[in-house]
Each structure stands twice: as C-alpha cells, then as structure tokens.
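Working notes for the structure below.
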Amino acid sequence: MTTASTDSTPAVRTTPVETRRWRLSETMQTVLLLLPSIVALAVFVYVFISFTFWVSLSNWRTLKVDLSLREPLFATYGELFAMARWQADLRNTFVFTVFFIAFAVTLGLTLAVMLDRHLAGHHIFRNIFLFPYALSFVVTGVVWRWIFNPETGLNLLFELLGVNYLLAQIGAGPLRPGWITDPTVVAQVNGILATVLPGAESWQVRWGIPLAMIPVAIAATWQLSGFVMALYLGGMATISEEVREAARIDGASEFQIYHRVIIPMLRPVTISVVVILLHVSLKIFDLVYTMAGVGPGFATDVPAIFVFEQMFKATRYNLGSAAAIIMLVLVALVIVPYLASTLKEES
Amino acid sequence: MFGKRTLSTGTLILLLALVMTACVAPQAAPAGEQAAPSGEQAQAGGGKLEVFSWWTSGGEAAALQALFDVYSARYPNVEIINATVAGGGGSAARPVLQTRLAGGDVPDTWQVHPGYELLGQYVEPGYVEPVTSLYQEEGWEAVVPEALRAMMTKDGELYQVTVGVHRGNGFWYNKKLLAENGIEIGATLSVDEFFAIAEQLKAAGVTPLCVGDSGIWASAQLFENTLLGVIGPERYNGLWDGSVRFDEPDVKQAMEVYGRMLDYQNDDHAALSWDQAVKKLMDGGCAFNSMGDWAYGEFVNAGKVDNEDFGWVSHPGTDGSFMIVADGFVLGNGAPNRENTINWLRVIGGKEAQEAFNPLKGSICARTDCDRAKFGPYHNWSMDSFAKDALVPTVVHGSAAPADFQQALNDAVTVFVVDKNVDAFANALVAAAQSSGFGR
Amino acid sequence: MTTAALARKRRRPRWGAYAVWFVLFCMAIVFLMPVYVMIANGLKDAQSVSLQRMWLPPAQLSGANGFVGAWERLSPNLMNSLSMVIPATVLSSLIGAINGYLFAKWRFRGSDIIFTLMLFGFFIPYQSILLPLVRTLQVIGLYGTIPGLVLVHVIYGIPITTLIFRNYFANVPTELLDAARVDGAGVITTFIRVMLPLSIPAFVVVGIFQFTNIWNDFLFGVTVVPNPARQPVTIALNNLSGTFSVEWNVVMAGAVVAALPTAIIYILLGRFFIRGILAGSVKG
C-alpha cells in the first residue's frame, strides 16, 4: 500500500532521493491523523445506517421495539413504492431540488459578483443578504406562509401597490396566484411516460411541476442564497488581482473576466455549493413543515416529512426507515458519480 | 512572517470566542425556573419528579404551572423537572418521548390522550403501570364518567389520570355577521339547516366556513365531526370496533356532506393554521368554524364577548354527543421517582388541582363534581353536555384508533380535499382500518 | 482592439456601478421584506397581530409587545446555546481544516474513497439515526449533557468542514508545501506554518456555516438534552408556540432574538471577510 501511494501523491513534484524514507512515514502520519474522524464517522454514520437498514426490513411498527425480520424480506419497500404519497414525494423533491438549486446558485453568484466590486456600502448589502441564513427555519416558514397566503400577504401587497389596477388598465386579469394553496400540477408528463411505462397515464400521481412547490423553493432560496454568496465571495478572495489584471490587459470586459476567468476558477466552490444545497434540499424539513405542511393533495410534501410522520406520528418505524434508506440511495446516485468524476479530473 | 500569520489565525478564533461570550454573558439568567420548594416544610420525602408534556405556551403553560403549584404546596421538597417540548400538538415531543422510551430513559410521567394512544402505544408495550388502586383509594370511580374510564381501561386495570376534557365538536360563529344577514342560530343546528344558511351567505358574498388546515388535522377534524353528525354516535363508535365499515352507505353519505362543506370554505384554508381561521371568523372573514373548544380561549384572548360577538352550537348534527379530547398523565413503568409520581397522579386527579387547572386551560374537569361557579357560561354548557351526552372518542387526537390509522386518515383527507372522490376516500379508510387491525 | 473600444470599456464600469448599486438596493428590499414582517409583528401586542394587518407597522408600542415576552423566555437558553456552539464550531472547523489539508495535499491510495464515504455522512436524514444515537450516548455517559451535544455536532460536522477545506486547499499552490518540505517540515509543521495562515477565508466560511447550522439545530438539541433548563435556544423558541395556542407576536420576535447572536457574528466576521480578500490578493 505504501509503495503504491508514492505514485498517487501529487504533492511532490521534484523528489529528492533522501526524502523517500520520509514519505512512508508521512503517509502513516496522514492516516493516523485521519483515523479519529474515520472511526467516529464509521460508527455514527455507517453503523447507525446499518441499524436503520435493519429496521427497514423488520416488523417494527408500534412503539415497542421489534427487530424480527419481515417476510418477505423487502415487503416494506414494496409497500412504500405502492404509496401514492411517496410517489408524490419523489416528484416533489425532484422539482424542489431543481428549482431551489437553480435559483440559489444563480442568485448567490450574481450577488457575489455584484458585491465583489466593492461598491459603496457593499458590506451592508452583504450582511443584509446573509441575515436570513441566521434565522431559524421553524419561524421563517411561518413568515413565508403569511406572505404566500393568497388572501393577504403578497397578493394584498400587489393590490396595495396598484399592480392589479395597472393590469386591469391594460385589460389583463388580476394577479392573484394561489401560491402554496394551489394544488395544480403543470407540465404533466404522464402521457409521455406512458409511452415508455405502460399504465403511467392512469397513475394517481401526476408527474409534473406542482405549482405550490415554487413558493417553497423561493423561501428556501431567500434563506440560503446569502450563504451561497458568502461561499463565492470566499472563493473569489483566493483569486489574485494579477489574474484579473492579466485578463484586462488582454482586453476582456468586466463581464468577460467573470464569465471566462473567475467563474471557471470557482469550480471547486461551485462543487461545495451544489453539495451543500443538495443536502439542504433533500433533507429539507422544518421550513416546508411550518410553511406549507404536506400541502393540498401532497403538493408540497417532501421525503423528510414523510420519514418524520411515518416514524414518529404513525409509529411505522420500518416504513419510515425504508424511506430514509431510499433517500440515501438517491443521494448516492447523484453524489457518487459526481464526486468520482471530479476526483478523477483532479488527479 | 509565518509566525505572525499563525498568530493572527489563533487570535481570530480566540477573539471571536471572547466576543461572543462577552456579548451574551451579562443577560444570561440562571436557568432553573422550576417550582422551587418554599417556606413550609411538609411530610414529603423530597427528590425529583419529571413531568413530560407539550404544554409550553400561554394558557397551557399557566395551567400546567397551576398543577405544579398544587403539588408543590403538598410536597414542597420535591423538585419538579418540567420537561416540555412543544410544536403543533406534540409533533416535536413525540420523537423525543418515543426515543427515550425505546432507549430505556423513561420519564416519571408524561402527557397522553385516553383511548388508543394510551392503550395501544403505552399500555400494550408495557411502558406504563396500572393506577387502578388510586381510583379506588380516592373514590374517583364515582365521579369520573364510565365512558371516559372505559377509554383508559385494559383488562380491568385503569392506566391514566385525566386532568381536563375538551369538547371537540364545537361549531363557532360570528354572531354579528350572521345578524347582519338576518340569521340567528338556535340551540342546535342540523346539517340541512347549515347548508341552507351557507347557501344564503354565499349568495350575499360572505364566506360561510373558515378552515385552517395548514397542518391537515383541522380538516380531518371537520370530517370527524361531520361523520359523527351524519351517522350518529352509535354507528360512529362502531367504526372503531370493526362493526361498521368505512364504505357503508351512511359513511359515504357523510363523506359526501363533508365534501359539500368544503365547497363553502375559505380559499386560503391551506395557508392558515387553525387559530388564524378562528381569527378570520372574529374579523368577519367568514361565519362559521368547526373546532374543539380550545377555540374559546382565542375568542376570550381577543376580548370578544360570549353570545354577543360570537356564539356556539354543536357541530351540525352532533347535538347529544360529546367528542372527547382529553389530556391526562400516566405512571411510567420504571419511573425513577415512583413514589413522587404516584403522589403527582393523586394530586392531579383531585378536585383542587382540576379546579385550578381547567379554567386556565379552557377545558372542563374530568370529574363531574367540580365547582361550576369557577367556570363561565360556555364551560357550564360543556359540563352539561359532558354529564348527559354520548361520549365518543376523537380519532384526530389519538383516542379512537391507532396512530397509523390516524396518519392514514390525514393522508386520505389531504387527497380528498383536492379530488373530492368519495369512493377513493372510503376505500383508503377501509384499507387503513384493516391494516391497523380493527377494521373488517 | 481599437483605442476607442478600450476607452468605452473603461468608461462603462462607472455607469455599471450605478446600475449594480440599484439592483443591489432592490434586492436588499426584497430580502428584508420577511424580516420586516417579523419585526413589525413582533412589536405588536397579542391582540393586534393579524394576517390582514401583517404589512402595517404597530399602531402603538405597548409594554406587552412580543420582544418583551420573547426576551424573557429565551434569554436563559441563549447561554446554553453559546456553550454548545462555540466549542462545536471551533472543534469541527479545526478537524475539518486538518482533514481537508490531508485529503487535498497528502493523498494516499484509497484516500479519495475514504473522503467520499466521509462526505456521505453529510446526507443522512438525522431522524433515522436518533435511536442508535441516544443509545450510544447513554453508553458513553454523555446523554443529556452539553458535551454530548457538542460531540454529536462535531462528528456530523466533519464531512462538510472537510469538504470545504479540501476544496479550498486544493487551490493553494503545491510549491508552497515543497518549499516547506525542503526546509525539513513534516506533515503537521507544514500545516501549521504554511496552510493555517492562508486559511482565514475558509475558516470564516466554515465558521459561519457551522455556527449557523449548530445554532439553528433543533432535532439533536431536543433529543439529546431533555432537561429544558439546559436546552439550546432553538428549542425554547419552538416552545413559544404551544399545542392549542400561539402568540404570533412572541414567536416572530423570538425568531429575531434567537438570531441576534448569529447576526452579530456575521457583522463581526464581515471585517475578516475583507481581510481574507486582501490576504488573498497579496498571496497570489
């Protein structure tokens, strides 16, 4: 192991012969330093996940712990995927993730680029954009529920600001969306799916974009885009002025400098951002739970609420655990190939 | 150069730690605000008592404190640990309690609803001990109604001491708004009368019914009340022992009626919590709201006057029934402070504690001999109902059916609110009743 | 490129600056809208909070406004939060820095796989590991204590702090390390002498992230520490709303009160952001 490791150590380009002896022990040092973290996570993540996986295969669905295995072994998973609610959750989490990451990365990066110019008052702006991140999700959910209430909230504001009056002047109808109360699913693809998967047309769950999910994505964006901005600002700080200067001398405009030079250099930051946002979006719970609940017809239900309700309200521990395991598998499907490709690129 | 930089990083961390501590330290008050034993010495042996509940806010917290006060007056040396975890009907408390029970860290006593939640979740796995002897010693069997005792009994043993009872099938209305439309509500309201009034209000541009189902349970409760109103208490009780199926014609008719009621509800129901729906009613945003009598506290807190600003009646068709939403406490099996816990239950089952607790909580005593003068007109009305009406268990608040049925009901309601498909609704509930083990 | 074009380019940023400033200003208003709702309604008394009047400022300031109630009920728990958040943030940042440095600069066979497996821990839905977690803490005797809570936050914080530092250190030129090695510095010495001084911006970002996450955590706090006198502020905040009664003004005000320490950190760290940016430009 140690001899092979010398080839994959990119840290050293010019290798004086005498340090060869050093390098063996350096690898040992590295491993020793990492060991506590590795052991801790092995227990707190992998042993615990194994327990959850076992529970998902068990008969445990009352308050009394019952770890006997269910017959047939994967029956709980079959039950899970047969549930219309779980299907809706998978749809919702997909839609939410796409909207939320797109919104938050775009907005966070835009804010970072604008603030990176050090305009007057930029630190005040930075603090304002970062502030929502300091607030507890539990309460911001409530505020956003008020704001997206179709009878008060934003719609009332539109009314007060004369938006609807203006719309009426140009002959358009009033702007009065149902926001989180709207059970409509637009851009339905059941028909298209039916060409591949027979029977998709008659599924109880309509695959498409549940409109009520968009306000939730907006609220989450509000809360986290400031943090995305901070990450990008942190990243931009590591890019030297010479790089920008060089680009300027080459005749690049400010826009081009960001578009062609700086943003590509921020790729590692973008990876962190996407990983963090993905983690937020897949596990999002408090915000949705207090803001929209499961929503009309499960329009805003998400897997974390499902896991929570099945485990702690319905005491179906096996079903909740199975859902949690599927969430993990989904994460693995997205993260592992991504990590593998970036790691390969780097080395 | 390196040395200097290293120093600055270390200083940064240290400085931050200091600043953060300094900012907050002066305001930090000593935390233990539990009922401290005061003055007089009594016979009690001391030690601790951990009471686990989800009464944290407003009147609920005050009512719980009243129980503590009565207890501390008798047992001043016992230190009460008030372990409260709030959040929407115990949604945050449940994971904690369940995790602690499963982990063997049993609280001395905790808050429960009678009926299935008590018997199925806590008695069946052996997490609680029977308290039948307390009922005998204290003579409670004479004052606690039999139907309520039955909800706390398994194999002849009683397992819970109930402190207060809410009436779940209340129907609240904005009296002034109705008067403006020339409508007056009598002592009872039938389903047909409701729909006639609702139609009239709708024609006049008034939203007839306010619902706040952002946590879906308020709509599930509207269904539960409507179900009781349409099929009556006997058939309703039959649903929970399997003698009545959820797809029988009268049950489906109740679903139909519930669906029609939803046609008269406010557009923003999904964005309101139950209390905001009550507020909306007070502000004239609608005429009716179906809610348990914890809503009464909202009216009083907003300075509204009984029978002047607002009025109440049983949910349409449910006159003669009392939907029990009761709270009580248990004796944890393996409770670290068993003696103190038994004394706690002895205190809270008594008249003194219940007369102190219930006016603050907005509920009535779980015993029929409380002093009526300590309660206002609404609660006297509720006491009459408690004494003579058919007592039925609520499913939405955990008494009538297992937790997984409760979840299935909420899920089915979530779908029904949108698609109004009676057959799908009925089938979902039949399947859920079967998988929960009580349905045929 | 012609000189005229160059001159145009040079002039543009000025106009651009106004435009950017205007956009930032509008964004700030949008961002502050929900904060305004919180503060305005927090300042009202219980009776005058209503959805219909949510955009209006309080008619008059009474002594019964939400902030009074919120402060009274939250301040005892602020200290608990601090005694948990500070050690947990510092420890998980330091561990993350060392790990990130090792994974970025001292790769060995299998290190990428170990890193990936570690990172995976970031994604587990915590509801599903509560039972074994509580058991484990009971066995090692840390259940119900702040150190137990610190341990949990540090361990579950390792994956993300490691990731951020690893990505950050990957940008640091390897030549700097080589130079230190030629001087005879080992793994740890190189970290302390070369990497740590360069890592202020990363510490700021990781610190903000961990501080906020740990500060706002609810699930671990409520499960690991059952005694309310020792619980963090978020649980006290959650306790402001009860089963059947909610004082919305206190809840709104409570959110602002509970967020203040974090907000203060942001404002303080803002300076170090600038310093970090300057350090970055000097470093090259």
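General remarks:
Labels A, B and C are assigned to the chains in the order they are written; within every chain, residues are numbered from 1.
In this section, a residue touches a chain if its C-beta (ideal position, glycine included) is under 8 Å from a C-beta of that chain, and two chains touch if they have at least 3 such contacts.
Quick caveat, the model's predicted, so the values are computed rather than measured.
Highest C-beta contact pair count among chain pairs: A-C. Of all chains, B has its CA centroid at the greatest distance from the CA centroid of chain A. Per-chain Cα centroids separate chain A from chain C by 16 Å. In whole angstrom, the spacing between the mean C-alpha positions of chain B and chain C is 36. Counting only residues that touch two or more partner chains, chain C has 51-52, 127, 131, 218, 238. In chain A, 138, 149, 151-153, 308, 311-312 are the positions where the chain touches two or more neighbouring chains simultaneously. Shared contact sites, meaning residues of chain B that touch two or more other chains, fall at 87, 95, 102, 272, 285. Residues 2, 5-6, 8-9, 12-13, 16-17, 19-21, 23-25, 27-34, 52, 54-61, 81-90, 92, 95-96, 99-100, 102-105, 107, 272-273, 275-276, 279-280, 283, 285, 292, 294, 297-298, 301-303, 362 of chain B are the ones that touch chain C when the two sit in their complex.
Those residues of chain A that touch chain B in the complex are listed here as 61-65, 84-85, 138, 145, 148-153, 178-181, 183, 292-298, 308-316. Residues 1, 6, 9, 12-13, 16-17, 20-21, 23-24, 27-28, 31-35, 37-38, 51-52, 54-55, 95, 98-99, 102, 105-112, 114-129, 131-133, 136, 152, 155-156, 158-160, 162-164, 167-168, 170-171, 174, 177-178, 181-182, 186-188, 201-202, 204-205, 208-209, 212, 215-216, 218, 234, 237-238, 248, 251-252, 254-256, 258-259, 262-263, 266-267, 270, 273-274, 276-277, 279-281, 283-284 of chain C are the ones that touch chain A when the two sit in their complex. Within the complex formed with chain B, the chain C residues making contact are 46-47, 50-52, 75-80, 82, 86, 90, 127, 130-131, 134-135, 138, 143, 192-194, 196-200, 203, 207, 218-219, 222-223, 226-230, 235, 238-247, 261, 264-265, 268-269, 272. On the chain B side of its complex with chain A, the touching residues are 87, 91, 94-95, 98, 101-102, 120-122, 124-127, 214-216, 266-272, 285, 403-404, 406-408, 411, 414-415, 417-419.
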